[in-house]
Amino acid sequence: MKTLLPWLLWVWMAVVIWAAFFYSPLAAGFIGQSSRVLFFHVPLAWTAFVGFLAAAVWSARYLFFGRRLRDDRAAAVAVEVGFVFCVLATVTGALWARIMWGAYWNWDPRQTSIILVLIFYGAYLSLRGAVEDGEKRARLAAVYALLGVVVTPFFFFIVPRITYSLHPDSVINSRGEVDMESRMLQVLLAAFAGNAALFFWIHNLQCRLRALAEGKARP
Amino acid sequence: MWRLASNWAAEALAVFAKDWRCEFRTRYALNTLALFAFTTLVVVSASLGPLGTSAARGASVLPVLLWLILLFAGAAGLPRSFVHEEETHTATALRLAATPSALFCGKLAYGLSLVWALELLVAPLFLAMVSLAVRSPGLFVLVLAAGGFGLAAGSTLIAAIIAQAQGRSTLFAVLAFPVLLPLLILVVELTRNAVAGAPAGMALHQLLLYDGTVTIFGLMLFPVVWNP
Amino acid sequence: MSPTDLRFSGVSRRFGHLAVLAGVSGEVSAGQALLVTGANGSGKSTLLRCLAGLLAPDSGEIECREEGRSLDAAERRRRVGMVAPDIAFYEELTVAENLAFFARLRRARPERPAELLERVGLPGDRMAGALSSGMRQRLRWVWALLHRPRLLLLDEPFQNLDRPGETVTRELLEEHLAAGEGLAVIANPSSLEVSRVAARLELGG
């Protein structure tokens, strides 16, 4: 069963990509086929946030539940993989922005949030690179990851007020109802599930690789 | 119970007093902060030109410049509180002698007093040099105080983190920037409101919430950063 | 079993790929001293730092009991008196100001610094930055004894000391051990005649 899962994921993602182009209708108000970026950009962004949260959870586990280096490794890998997802989300978002609004970057609130998460990721990785001792590195990085998670919510409720958003209405509109055509929503959620699964699969592989490498390095 | 609290307070006070006593003997931080802030101030004012900037542009751009000056001066002068301890190896003695939370509070109080002193120097000079009139001086002072508090709190914790790492000066800026960004956005908005005479609104609550959150987080997690 | 003692077992610590300590064990009770010997780089200082609570060992147990109660790492840090080469003081403050600061932190009696300074022969009004290495070492002893600790951790305690300095610090050590409650772990590269040595621990190899 375990060896089957990656193949299942491959098939799932293939179907999602097909569905993004052929199953889902176009969204209103977008130029040409560009609304299809939705199925790539949004799940990438959500997964980047999930990665950020996962890193914080593992960091908290490291600090408060036994200081196991395994948890620290998991946090670091979550940031590394999440970083890639974040970069992809930012780039796809910028491309879409270019098509829709003529400029790659507008400091609209969502763009600002994703950039902030990206900067936090980068800062976390810089911190890890600057500490040699394993125990100290784990400890300091874990605290910083938690600080990041504590600070980012401020962003989400202060930034929207500063500028109005160029972003399309969110999936859930102000009334709290889901405001998207049902086929689009299906593909979007399926894409998110696929992205998240991809994240955790790559994460799992990387963690195991690291563990092996560390075990091997020891004489 | 009371004895414990007053011991703790005495410790924090001792750390605060010690830092200031050392500071008066060397004047390192004060000089750095003042020099940095003053130089930047002169550059800003000079580049805006002798007649300043138009009132409309001024109200929106100048608050940003003020806070950038404060932010960068802070980044230049505040990390020293912990970095110096590690560099001169006095940190070992401190680790063995001080209660971590009291140490953090003492250092925070020291950083806060530096930031407020800096603001006392910079803000009036800034207003004068760029000819900016503030319609709600009360709000302006409040924003400086609360914003300065947030700056000190965030900087103290991050200083404690980077003091134990390599590449300290650049690393401080890298780690502090994302943490202080929400603060910056809030204080700039509030300063704009103060200049325009508009009410503070939700932003003030959020600023105070930010200050409280970062301070409590620092108090709780500083012992983890400080000790193995 | 005395109410104050120190036991450690299986203490290991590595830095990167280098295993500096590998499964070190020992114990010492009140009134006794444990002498830790070994070549350079055998982990003596690392062991003492672990015992002091300044370093967390990768594995192993350290148990320090005072008055029958077991101390955790944070309490150990605060209760221990340590003399080590890397302990430094604030250069911009005088000796007396340094000690007053630490006395306040450690809740020692305010008169204690002056008593110890006189005993050891250090001028209180000298800037800590202007001390010779021998005087610095005497200052480290004073600092370690400010709060009347039970456990003394001494890493190269007699380095840089002249004859009078060594005499007075040895006396202080003797008094500490003779008082009944005190114990000490001493790390020193050269063999040293210290009475009441309960055991020797050889590291390295």
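Each chain gets a letter, A, B and C, in the order it is written, and its residues are counted from 1.
Just so we're on the same page, a residue touches a chain if its C-beta (ideal position, glycine included) is under 8 Å from a C-beta of that chain, and two chains touch if they have at least 3 such contacts.
Keep in mind that what you see is a predicted model, and the values were worked out from it rather than measured.
Participant: Counting only C-beta pairs in contact, which pair of chains has the most of them?
Facilitator: Per chain pair, the contact count peaks at A-B.
Participant: Give the label of the chain whose average Cα location is farthest from that of subunit A.
Facilitator: C
Participant: Specify the chain with the shortest distance from its C-alpha centroid to the centroid of every protein C-alpha atom present.
Facilitator: So the chain nearest the centre of the shown protein is B.
Participant: Please work out the Cα centroid separation of subunit A and subunit B, and write it as a whole number of Å.
Facilitator: Computed from C-alpha means, the inter-chain centre distance equals 32 Å.
Participant: Taking each chain's centre as the mean of its CA atoms, how far is subunit B from subunit C in angstrom?
Facilitator: Spacing between the chain centres: roughly 38 Å.
Participant: Where the CA atoms of subunit A average out and where those of subunit C average out, how many Å apart are those spots?
Facilitator: Chain centroid spacing, subunit A to subunit C, equals 50 Å.
Participant: Pull out every residue in subunit B that's touching 2 or more other chains.
Facilitator: In subunit B, residues 228 touch at least two other chains, as defined above.
Participant: Which subunit A residues sit where two or more other chains touch them?
Facilitator: In subunit A, 132, 135 touch at least two other chains.
Participant: Mind pulling the residue numbers of subunit C that touch at least two other chains?
Facilitator: If we look for residues of subunit C contacting two or more partner chains, we find 56.
Participant: What part of subunit A is in contact with subunit C in the complex they form?
Facilitator: Within the complex, subunit A contacts subunit C at residues 67, 132-135, 217-219.
Participant: Inside the complex, what are the residues of subunit B that reach subunit A?
Facilitator: 157, 161-162, 164-167, 171, 174-175, 177-179, 181-182, 185-186, 189, 202-203, 206, 209-210, 213-214, 217, 221, 224-225, 228
Participant: Which part of subunit B faces subunit C closely enough to touch in the complex?
Facilitator: 7, 10-11, 14-15, 17-18, 21-22, 25-26, 88-90, 92-93, 95-100, 223, 227-228
Participant: Which bits of subunit C are touching subunit B when the two form their complex?
Facilitator: 52-56, 73-74, 77-78, 80, 82, 84, 86-93, 97, 101-102, 104-107, 143
Participant: How about subunit C: which of its residues touch subunit A in the complex?
Facilitator: Residue positions touching the partner: 15-17, 56, 58.
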